[in-house]
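Naming follows writing order (A, B, C and D), and every chain is counted from residue 1.
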Amino acid sequence: MEALFYIFSFIAIFSALMVISMKNPLTSALYLILCFFAFSGFYVMLDMQFLAVMQILVYAGAIMVLVVLVIMILNISKIKRVETDFHQKFIGILISLIIFVEIIFYIINGSQKKSTGIFTGAVIKKIGNTQIIGEFLFTKYTLSFEIASVLLFVAIIGAYIFAKKKF
Amino acid sequence: MSNYLILATIIFTIGAAGVIIRKNLIVVFMSLELMFNSANLGFVAVSNALNLVSGDIFVIFVMVVAAAEAAVALGIAIAFYREKGTADIDEASELKN
Amino acid sequence: MTFFIRYLLTILIFFPTASVLLLLLINKKNEGLLRNLSTFLALVEFILSLYLFVYFKPDTYKFQFVEKFNWIPSFGASYFLGIDGLSLFLILLTTLLTFISLLSSYKYIKENVKEFVILMLLLETFMIGTFAALDILLFYLFWEFMLIPMYFIIGMWGTGRRVYSAVKFVLYTLSGSLIMLFGFIYIFMMHYNQTGNFTFNLLRLYHTHIPEGLQILLFIALFLGFAVKIPLFPFHTWLPDAHTEAPTAGSVILAGVLLKFGVYGFFRFAIPLLPRASFAVAPYIILLGVIGILYGAFVSIVQKDLKRLVAFSSVSHMGFIILGLFAMSAISISGSIIQLLNHGITTGALFLFVGMLYERMHSRQIKDFGGVAKKAPILTTLFLISVLASVGLPGLNGFIGEFLILIGSFRYFPVYTIVATSGVIFAAVYLLWMFQRVMFHEITNPEIEKFEDMNLREIFTVLPLIILMFFIGFYPIPILDRIDPTVIHFLSMLHHYRNSNSIIKLKTGLSNV
Amino acid sequence: MDFKELITWLIPAFPLAGWFLWGLFGKYFKGISGYLASAFVGISFILSVILFIIVAYSHGFTDTLYPWIHAGIFKAGVTAVIDRLSIIMLVMVTGVSTLVHIYSIGYMQGDKGFSRYFSFLNLFVFSMIMLVISDNLLLLYVFWEAVGFCSYILIGFWYEKKSASDAGKKAFIVNRIGDFGFAVGIFLLFLTTKTLNYQAVFSMIPSIPAYTVTAIALLLFAGAVGKSAQFPLHVWLPDAMEGPTPVSALIHAATMVTAGVYMVARFHVIFSYSPAASEVVLIVGTFTAFFAAFIALTQFDIKRIVAYSTLSQLGYMFMAVGIGSYTAGIFHLISHAIFKGLLFLTAGSVMHGLSGELDLRKMGGLYKKMKTTAITFIIGGLALSGIPPFSGFFSKDAILADVYNKGFYFAWAVGEITALMTAFYIFRLIFLAFFSESKLDPKLHVHESPGIMTVPMIILALVALIIGFLGIPPFNDSIFYGFLHVDFQNAHIFDPIANNAPWYFLSLISVLMGLSGIYIAYILYIKKAVSPEKIKSMFKPVYLLSYNKVYIDEIYDFLIIKPLLAFFNFLWKVMDVKIIDGAVNGIASAFAGFSVKARKMQNGLLMSYILTLSVGVAALLFYYFVR
């Protein structure tokens, strides 16, 4: 288990770094898909197979396909390269590191809460994670679920209007 | 759990750095996705450690939002490119005027 | 009928709003109907408000016509209305002046008539609401809403630098009232900390215990909000601009009602909520008031613009009111309240007359006039009566107020009172000089030859005010009777604190903060 | 309300009704309004006489019409006090008013403001009646100001004339300065006694510390100084002659200006408990008497001469009340009202005959052309000069004798010299106008006034002739004294120190002074034994001083009005616009400048926004961490 975690970690971090450092957006996109796969591995390890599947379906499947499609449409690799000056790179990395250190500080200094829930790994395995999530989604979070669907609907219309040739 | 959290932080930082230093619209968008995912990972990890499922539910909603966002953002990207002929977000300076 | 009386305040507040809904249905082009209907509705509103006077019980200090409903229970805000002797007359003044200013605008407002009448009626709703609200949050809501119609009235139908004036007016009052809101919320939180209840109910907040040093700071916060509205001496510079550029109706409402809110706020909120601080800072506020009296008078003397002159005279008159209020004696407070009404009546009338002169000559410069008396005897007579009321001639309303204020304040602040009394001399100087230059002398400006006397509508516009001037001057008892219990109760709430009135207390109080 | 109370309130009610009627419906009445107005005031006069008889054979009373103000402990009602003092004043006021009203019908004939004139004249009579009968200081103050207003509006009656409206405004404002003191006096009185009712106040005065009483008395006296045009607030009265002449006769000679004297007499309790204040009254009165007579010596405007003589005579009255001889003061007030009213009416008749000419240098020889006017004028002049048996002799002599007997020898001497000057200037006027050779514009059609004007003059002349006999036997044993003294028994001090000179001796000196004044005028202007020009050049500076009214107006203008106006302009243009508004606008523009700078941060580059955002996130995290 431990070993699997470290392997996936390595893949995730490496591919994330490649995402932001590759010159060609298409390459970045492919590395991002790799990264998402690593993430779905984590979800499996955390007893959330449903999420893992969703990760691959939604992110790797839907979103990344969309991204790649856009890159293809725009033919971005051919257009003028956009370069970031060193100045900005330096500040960006510095700030990211500061944020990183700070968050790590919180994680280390933070006191861990006692587990209060009833959904231990055994329970989840017994009922099945898909069923648990489904029950919650359609009872406690019904309203949010409906709003989310409206949001998606709006987003579809929005995307259509934005991408239309003429406003 | 803290392992997962540290990993999530690393990915988050990388995503943030990408957002700051890259200028390509598409890459910035992908970096944002990275940050989303790291947050998702954090949710799931904490939820798992505390024996709860609310974190997992939340992840689903984040995914919904991400999908919606992707649709709109990429629509904007197309419109933007059509308007400016480039994907450099520094060209998007209408706010200034 | 009982239902009607019971919910009379709500009806009064929202009747103009309902009228607005009705007016919205009318075509914009149909200006005659819009004017007539809106004026008629304002008249109906005034007649409705007279029921308040009729059913007001003069022998009790308790709030009457009380209505209370929960509004936002989670933090104790309620729809809580009620009036006492002070707000009764201010509401009557509001309804009367709204009617009069609508009547006065028949000729002055030529464009966007629909918008104008709608804004005026909305303004009326907010003004009455502010006077009737006993819930701080509700009060603040109405208080801020008032700015919106006023902003448009000045900005859209004004003259000259109207947008500058409108923006100045709004920013000035807004910055004051935001600080005031902070003060209110602080008191609200203190009350919560002491009792564990969230409430914006004013009557319960009166019992909040606040240490003296903090009281002074909070008082300053509330003071800024109210002092700008009054306006007290160093905060007055928005007033001449706003008054000068506003249309006649705007000036009338501004001078007649909006300036009253500052004093009303002090009376209803600042002083009872923070009694110790009020006594501690009273000498300083009175100093500002007295400076305002003289300063307003002095500056009025050298004004060349009629409206600006009347505006500065407002500063002077409001100084008297502040003197009377903060002297905290029963006589002077009664005088202040009477003077509040008087100022609304008299200054309102003066603005109406200046408006009439402006409509005829399209100028407000004093030097453009002269010899009007020959052409317009009715205008001259009625204008003279208003001027004399403003001067404080006995037999007219201004005298009663000023005299009560001065004789009441003399006991506690003799020096200030003497200085303030000298303001009466200067009032005579600037007003009579202005009147002489405008009305008397030979006609020099050929345009005056075409001057028309007042028509019937204009006479009816000012007649109620003129009658009130005489009425209050000769027989103020009906008003004083209704004010008296309120004032006595007001002072009885405060009289424990009177002895803490000293400069040393102020200093130690501040150092304890 | 029984009969006498009904009458009491009917007396003011008639003029008040007149004011409303002519004021509102004047144009429907046209010429009738004058007759009706006279009739209304006449009814008031008859009622006053009835009331006088009632009071004379019973006793005074007070009556409240309605409660007027009450706020806290402050209470005041519309209350009348009818005692011997007020009833005498009431008869005088309504009587003179009636005559002046009748006279005005002729004088104002054809003026386009005819009804307006009578409306305000009626308002004045109403106010003056209320002033006299009011029973508390507030009501007194109200009508004190109200008569001032009537004076303002009537002086400026011909408003097209700048000088007229200026004079009206000046009168009002100068009066206001005096009223300022009066008002503060009322405040102080209320503070110490908690009441403004006369009787209540008077009963508490003995228990109040002397310096407070002095302060109150002096402040109240400031009001009297303004209203009765004593030095230094006398400047308005000569200018007030711009008004119609009957107005000058009624308001600025007979009634309103004497209100100050009446007020001091009414408050004799207060003044008599304060020797210091009384002495101030005496000094002001004496000085004004002399000072005004001095100015009158060289004037050429007949109305102004009479106006200055009014000042001077008012000074005599203040001398009287200042030494505590209240009855003598009131007696002189009454007789002065009669003969000065007469002088003004006759002066008006001269004006009327000469189409408005006022300059002495353009008159002369009028005696032949307007005999009635001339004779009545001479009667008035004799009364003013204090020649027996005219009323002025008895009343003025009563004052001077009292002044002498109470030991104020200097004041007495000044009074006698003033008497000489008085006789001189009034006969200078008479000789120049009526007797010396004519310098009239030959084109002018000189005519005697119509009967409606001369009859009131003749009535007044007759009254001036006989009213003095009320003062016989002399001084403190007279009928008048016996009648009025009842009201002044509460007066506290000022008993005569010694009756150290017999009355006939003092009277003789006064008469001699009067006669020698007349004789000097006779030598100078009829016999022409000595040319006035020669005397003029002999005392050039003194002459100029007198001719230019001691430059008081110029001094006020230079020392007070100009600097104040400059200061006010400074306040407005610099203080208000620059400093206060400048500060406000400065804050506004500071914000605007800051915003212009801050706008640079919004460079529109998304990258920099993101950068700023992340800096913020880092900082926020750091803050929570530190906390």
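Note that in this section contacts are C-beta pairs under 8 Å (C-beta built on N, C-alpha and C of every residue); 3 or more make two chains touch, one makes a residue touch a chain.
These numbers come from a predicted model, not from an experiment.
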| item | value |
| --- | --- |
| Chain closest to the assembly centre - both centres taken as Cα means | C |
| Whole-Å gap between the CA centroids of chain A and chain B | 7 |
| Centre distance in Å when chain B and chain C are each reduced to the mean of their C-alpha atoms | 57 |
| Geometric centre distance via CA averages, chain D-chain A, whole Å | 98 |
| Cα-centroid distance, chain C relative to chain D, in whole angstrom | 38 |
| Multi-chain contact sites of chain B, meaning residues that touch two or more partners | 16, 20, 23, 90 |
| Residue list for chain D, restricted to those that touch at least two other chains | 607, 611, 614 |
| Residues of chain C engaged with two or more neighbouring chains | none |
| Touching pairs - complete list by chain label | A-B, A-D, B-D, C-D |
| In the complex, chain A residues that touch chain B | 5, 9, 12-13, 16-17, 19-20, 25, 28-29, 32, 35-36, 39, 42-43, 46-48, 50-51, 54-55, 58-59, 62-63, 66-67, 70-71, 73-74, 76, 79-80, 82-84, 88-89, 91-93, 95-97, 99-100, 103-104, 107-108, 112-113, 115-121, 123-124, 129, 132-133, 136-137, 141, 144, 148, 151-152, 154-156, 158-163, 165 |
| Touching residues (chain side chain D, partner chain C) in the complex | 23, 66-74, 138, 141-146, 149, 152, 156, 159-160, 162, 165-166, 168-169, 172-173, 176-177, 179-180, 183-184, 186-188, 190-191, 565, 567-569, 571-572, 575-576, 580-581, 584, 588 |
| Contact set on chain A toward chain D in their complex | 88, 91-92, 95-96, 98-99, 102-103, 105-106 |
| Residue numbers on chain D that touch chain B, as the complex places them | 602-607, 610-611, 614 |
| Complex interface listing, chain B residues touching chain D | 16, 19-20, 23, 89-90, 92-97 |
